[in-house]
Amino acid sequence: MADERIPFATHAETTVLGADEIILNMGPQHPSTHGVLRVKLRLDGEKVIGSECVIGYLHRGVEKIAEHRSYQQFAPYVDRMDYVAAVSNGLGYCEAVEKLLGAEAPLRARVIRTILTELQRIASHLFWLGTHALDIGALTPLFYCLREREEILKIFEKYCGARLTTHAFRIGGLQYEAYDEFEKDVERFCKPFDKRVDEYESLLTSNRIWVGRTKGIGILTAKEAIDYAASGPVIRASGVKWDIRKAMPYAAYDLYKFEIPVGKNGDTYDRYIVRMEEMRQSRLICLQAIENIPAGPIMGKVGKVLKPPPGEVYHAIEAPKGELGYYIVSDGTTQPYRVRIRPPSLINLEAFDKMIRGHLVADVVAIIGTLDIVLGEVDR
Amino acid sequence: MVDQIVFYFFATLAVISAVLVVTRRNVVQSAIFLITALLATAGIFLQLHAEFLFIVQVILYAGGIMVLFVFVIMLINMDISMHQVQFNRQWWLGLLLALVLGAQLTIAVAVGRAGLPLGEPAPALALEPSTQLVGRVLFNEYMLPFEIASILLLVAMIGAVVMAKKKV
Amino acid sequence: MQTAIQTLIHGIISIWVPLFCALIIVAVLPLCTGYIVLMERKVMADMQARLGPMRVGPHGLLQPIADAVKLLLKEDIIPDEADKAIFWIAPLISVTAGMLAMSALAIGPWFQIADLNVGLLFIVGISALGIFGIVLGGWSSNSHYSLLGALRSAAQLVSYETAAGMAIVGALLLAGTLSTREIIQTQDDYGVWFIFAAPIGFFIYVVASIAETNRAPFDLPEAESELVAGYMTEYSGFRWALYFLAEYTNMVVVASVATTLFLGGWLRPFAGTPAFHFLDYFPTLLMLVVGGYCFYRAPKQPVKVQMMFMVVLGFVFLLVAAILAAPVLAPAGSLISSAMPGLHGAFWFLLKVGLYIYLFMWLRFTFPRYRFDQLMRLGWQFLIPLSIVNVMAIGVALVLHRQWGWSHWTAFPLTTLATLAVAGWLGWAGEKKDKEHVFVGET
Amino acid sequence: MANDPEEKQPSASSPSEPSAAKPPAAEGEAAPKPPAAAPAAPVPPAAKPPAPPVAAAKPPAAAGPPKPPAPPPPPKEGPVALDNDLVSRYKEKFGPAVLEAWVDRKQAILVVARELLVEIATYSRDEEKFDWLSDLTAVDWPKREKRFDIVLNMYSFEKNERLRLKVHAGEDDRVPSVQGVWATANWEEREVYDMFGVVFEGHPELKRILLPDEWQGYPLRKDYDILKQDTAWVRENLGIESGQ
C-alpha cells in the first residue's frame, strides 16, 4: 500500500506537505505542441522554473538520404521537412544547387517562383495564426484562416497537382508552365485578402483578453535574439530590421517594393503583429508580380545529368519560419557529398527555454505557438 | 404520518454518517460522510419548515466549510499521511467516555424536564416565514453582537491573508 | 361535496402538480441539454463560416439523440488506482446539485415546483454544492492533470460565487423578497425590470455566471491546450455525459436566475403599458415563422424520411402557434383567456433564457481564454469590490427614493453613474498594476 | 567516387610547395579580385591550390585522397585562393593559425587551426562584426587523416556579408566549443556530436539531441551505411527484429 498511490506527478521531488517542484511532461503527444515535441517543464506550483526540450521523434535522417540520392531525386525530400511551407523549402534547395552549378533560372521562372513562394508564406502564416489563436482559446480565427489557406492550396494544386508537398520547382527553373488563368486566380485571391486580414485583426488585435495573454509574454531582447541566432519574424519582432529578401535578394525579390515589419520589445504580441504585417506585404509582392510576368523560357540550360564541379556553397532564403540555409558540398559526382539544412524552427526553439522562465503553464503554450515551429523541420 | 417517516429517515442518516465519519480510514470518504451528516440535519430543518435555517446550513457548512476541508485534503500528500502513527488503538477509551457523557446528558434532561419552558410544540405551518423574522430580529435587537461578530470575522480574514502573504 | 372537491383540487395542486413538474424537469432537461448542445454547435459553425452537424436528421436535428446513444454505448473506463466509490459518486453530486437548483425556479406562473420563501438563496446554495462533484471527480481519478484542473476550478468557482452572490444581493434590495414568484411580481408592480434599475449588477452577474459555469473565456479547468480536459480527463462514456449534463443544467439554472432577477421572469416586455399589447401576438408570430421555415426547407431534404420529419416538425410548430394564439384571440374573461399568463409566461421566460444562453455562446466563440492568474485577479480585484460598491449604491438609491422622495429616474441613474466611475477607477488601477506585472520574464 | 586517380597525380605532387608558387596566371588573376564577399564572377582559372595538410606534408603517394578535388575541370568555377584585406587582417592578427583562405562560388572560406577556434570566433564576432552564427555543422572526409571539417557559417548584419570558418579535426580530437561566443551553437554542437561523434570541449551538456541517448554509432559518418541501425537498441526498445 506504501506509495503506489502517489497522486502527484511521477518521480517528482515532492516533500511531505504539497509539492515543491513538479516535473510536468508536455508531449510528445500533446494537443498544442505543434507536432511531436516533448517538453519537460520544471514547475514550482504554476510558475515555470526550467525546461528541457526532447526532440528527435520525427527524425528521418534527411541529410543521410541526401548523400545517396542524385540532386534531382533529393528535391521531393526537401518538401517533407517543413511540410507547412514546402514551396519555399524547394526554392531554397533549387537555388542552392543552381548556385553550385553556376547556372541561373531564367527571369520568367524566377518571377513565378517568387509569386508561389510568397503565396506559400501567406499560407504558412495563416496556418500559424489559426493554431496559435486556438491554443490561446480563440476558436473562430482558425476557420477563417483555413478558409483563405484553402484558396492558396487550390492555386498550388492547379499549378503542380499537389497541395501540400508540392515539389513545384526543378533545379534550373520550372517544370510546369503557369496555367493560363494563373494570374487571374492569384489576383482573385490577393485582391480581397487585406480585408480578410483586417477581419482577423478585428477579432484579435484589440481584443483585451488576447492582448492580456500575449503582451509581455516570452520576451526576447534584440541582443538575445542575435545571440540565439533567431531568424525570421522572431528576430524582427525583437527590433532587428533584417530580411534576407532585402539584404541578399534572391529569385526576383529585387524587382519588387515591400517593407519589412519590425517589432519593439520582442514579446508574443509583437511577433503576432509582425507576421500579420508580413502577410500584407506578401500580398503586395504578389500583386506587383502578376502585373507583368515576363515571357521567355522557364527552364535554364542545366542539362539532364547534373555534375556540379567540386566545391561547396551556403545559400539561405527567407522561409516563413526564418533563415532556411542549405550548405551543399559537391565532390563532382551526380550525388551531393554532404547536404546540411539550417532549420529555422530548431534554432528559434533554442531560445524557448530562456523565454518561458518565470511564466505560467498557460504561457508555455502561447510561446510554443508564437515560435511557429514545425517538428518536421526541427527533427529533419 | 409522512412527517414521521421523513424525520426518522434524516435522523438515522445523520447518525450513521456521523459514525462513519469517525471510522473510515480514507480521509476523503470520511469528509463525504461528514457532508451527508450536515445535509441530513439540514433536511430535518427543512422538514420543520425552517427554510432559512435549512439553506444557511447548506450554504455555510456544506457549501463553505466542507469545500475548504476537501481543498485541504487534496493538497495534503495523502499516502504519506497514511503512515503517520495512528493512535486509534485506544478506541475503547473513547467509547467509554462517550457513554459517560451520554449518561450525564440524559440525566440532566430528565431531572430538569419540569423546569424547562418546553411548551406544546407549535404546529409546523403556523410559523411566520422565517427569513423576514430572522432578518428583523438580527438587525434590530441584536445589532451590537452582529457588528462585533463581523469585526471578529474581519480580523480573522486579515490574519489569514497576512499569514499566506509571506509565502507568495 | 364542495369542500371535497376543494380539498381534492388543493391536494392535487399541492402535491401532484409539483411532482409532475419535477418529473418533467428530470425527463426533459437531458433532452434540452442535447438540443442546447446542438444549438451551440450550429451557432459556432455559423460564426465560423461552416455548416455544423448536417448529417444526422434534417439539419442535424437528430444529432443530440445520436450523441446520447453514443455516450451510452461508449466504454466506461475507470482508471486503476482511482478511488472507485468517489469516482462513481462525483458526477452524481454535480448533476443532482444542478437539477435540485431548478426546483425553486418559476418557468411560468403555473409551472413551479416549490415556491420557497428562500427561493433564490436556495438556488445559490444548492448550485454551490456542484463544486464537490468537480473537486472530488478531479481528485479521485488520480491523474496529475485532473488534479490540477480540479484545484483550479474549485478556486475559480469559490471566488466567482461571491461576486455573483453580491450581484444578486444588489437586485434583491430592489425586490425586497427572496421568493422567485414575488420578485417577478414586484418587477411587474414597478413596471420596470431590475436590469434597468441595476444595470451594473446585471453586468457583474453575467460575467460571474460565465465563470461559475466554467464557460469560455473562463473555461480554465478544462482548457484543452494545457490540462487536456481538466477534471474530466479520466471520465468517459456515460459518466462524462453526466458532467456534461451538469454543466449545461448549471447554465440553464444561471440563465433562469438572471431572467427571474433582472429580465422580469415571465413578464412580457412592457407588460403594463396597453400601447404594447400587440406584443402578445409575437409568440404566435414567431412560431408561425419557424413552422413556415420548416415547410420551406422540407422539400429540400435529400432523403424522403427527412422530408417527412420536417413536415411533421412544421405542423408541431403550427400547433404551438395555435395554442399560444388561443388565449389572445378568445373573448376576455373566458376560461381560455385565463390561461394567458401561464402559456405566454412560459414562452417569454424560455425566450429570455434562450437569449441569455445565446449570449454565453457568442462570448465563447469570440474571446480567447483568460490565464488563471488574470482570471483570479479579475475576480478578486475587479468584480467583487465592484459588486460590493454596487450593493451600497443601490442601498443609497433606495434611501434617496424612499426617504427623501427623489423620483425613480434621478436616484437610480445617479447611483449607476457613481458605480460606473468606481468601475473605471478599478479597471484603471488593474491596468496599471498589469503594466508592472508585464515584465515577469525578467525574473 | 568517380574521380580517376591518374588525373589526380599531377596536382597531388604540388601540395608540398607553398601556395605562392602557383602558376603566375592564377596569381595575377586572383590578386585584382575585388573584396572577398561579392567579387564579380571572373571565371577563375581552373588551377586550385589543393588544401595543403596542416602539419606534416601529406605523403603525395597516399591513395589519391578524394579530398575537395584538385582535378581542374575546364570551364566550371572551383575554389580559388583568396587574398583580400579581410584575410590579411586575420593573418596579421592570428598569423600561422589562419591556414588557408579561398573563395568558392563567391563565398569566402577561412580554414583555421583547431586550437585557436574560440579566439578567432570571438575576434570575428567582436571586431569583424560577424555577430550572427547562422550555422555550425561538420563534413566527414574519411580518407583524410584529419577526417572531420567543422564548418561555421557566420553573417554580419553591419557588412551584410557571410564568412565560413573551417576547422579540421581528427577522429578523437576535441574541438573547443564556441557555445560561449554564440549561445546558438549549443544545440548545433550537440547535433554534430550526435551525428559525427566529434566531442566539443567546454560544452555545458554534450549529449545526443536527435537520436535516443543510448544509441550506438554516429549515422552521418560516411562509413555508417544507410541501412545500418543500432539493432541492439531497436530490439530492446521497439522489440522488432529486422532493421527495417
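For clarity, chains are labelled A, B, C and D in written order, and residue numbers in each chain start from 1.
Simple rule for what comes next: contacts are C-beta pairs under 8 Å (C-beta built on N, C-alpha and C of every residue); 3 or more make two chains touch, one makes a residue touch a chain.
These numbers were taken from a predicted model, which means no experiment stands behind them.
A.B. asks: Need the graph distance between chain C and chain D over the touch network, please.
C.D. replies: 2
A.B. asks: By C-alpha centroids, what is the most central chain here?
C.D. replies: Taking the mean of all protein C-alpha atoms as reference, the closest chain is A.
A.B. asks: So which has more C-beta pairs touching, A-D or B-C?
C.D. replies: Looking at contacts between chains, A-D has the larger number.
A.B. asks: Quick one: which chain's Cα centre is the longest way from chain C's?
C.D. replies: D
A.B. asks: Averaged over CA atoms, how far is the centre of chain B from the centre of chain C? Could you give it in whole Å?
C.D. replies: Using C-alpha averages as centres, the distance is 31 Å.
A.B. asks: In whole angstrom, what separates the CA-based centres of chain A and chain D?
C.D. replies: 28
A.B. asks: For chain A versus chain C, what separation do you get between their C-alpha means, in angstrom?
C.D. replies: Averaging C-alpha atoms per chain gives centres 44 Å apart.
A.B. asks: When the C-alpha atoms of chain B and chain D are each averaged to a single point, how far apart are the two points in Å?
C.D. replies: Using C-alpha averages as centres, the distance is 80 Å.
A.B. asks: In chain C, which residues are in touch with two or more of the other chains?
C.D. replies: If we look for residues of chain C contacting two or more partner chains, we find 139, 147.
A.B. asks: Touching two or more other chains, which residues of chain A qualify?
C.D. replies: 5, 7-8
A.B. asks: So which bits of chain B are touching at least two other chains?
C.D. replies: 75
A.B. asks: In their shared complex, at which residues does chain C touch chain A?
C.D. replies: 44, 47-50, 81, 139, 142, 144, 147, 216-217, 219, 223-226, 228, 364-374, 434, 437-443
A.B. asks: In their shared complex, at which residues does chain A touch chain D?
C.D. replies: 55-56, 59, 61, 63-65, 67-68, 99-100, 102, 224, 226-229, 231, 240, 242, 247-248, 308-314, 316, 323, 325, 327, 329, 331-333, 337-338, 340, 342, 346-347, 350, 379-380
A.B. asks: Which residues of chain B touch chain C once you look at their complex with the stated criterion?
C.D. replies: Counting only chain B, the residues touching chain C are 26, 28-29, 32, 35, 51-52, 54-55, 58-59, 62-64, 66-67, 70-71, 73-75, 129-131.
A.B. asks: Residue numbers of chain C touching chain B in their complex, please.
C.D. replies: Where chain C meets chain B, its residues are 83, 85-86, 89, 116-118, 121-122, 124-126, 128-129, 131-132, 135-136, 138-140, 147, 150-151, 154, 158, 178.
A.B. asks: Within their complex, state which residues of chain D touch chain A.
C.D. replies: 1-3, 41, 66, 68-69, 71, 73, 76-79, 104-105, 107, 109, 131-135, 137, 139-140, 151, 153, 157, 160, 162, 164, 182-184, 186-188, 195, 208-212, 219-220, 222, 224, 226
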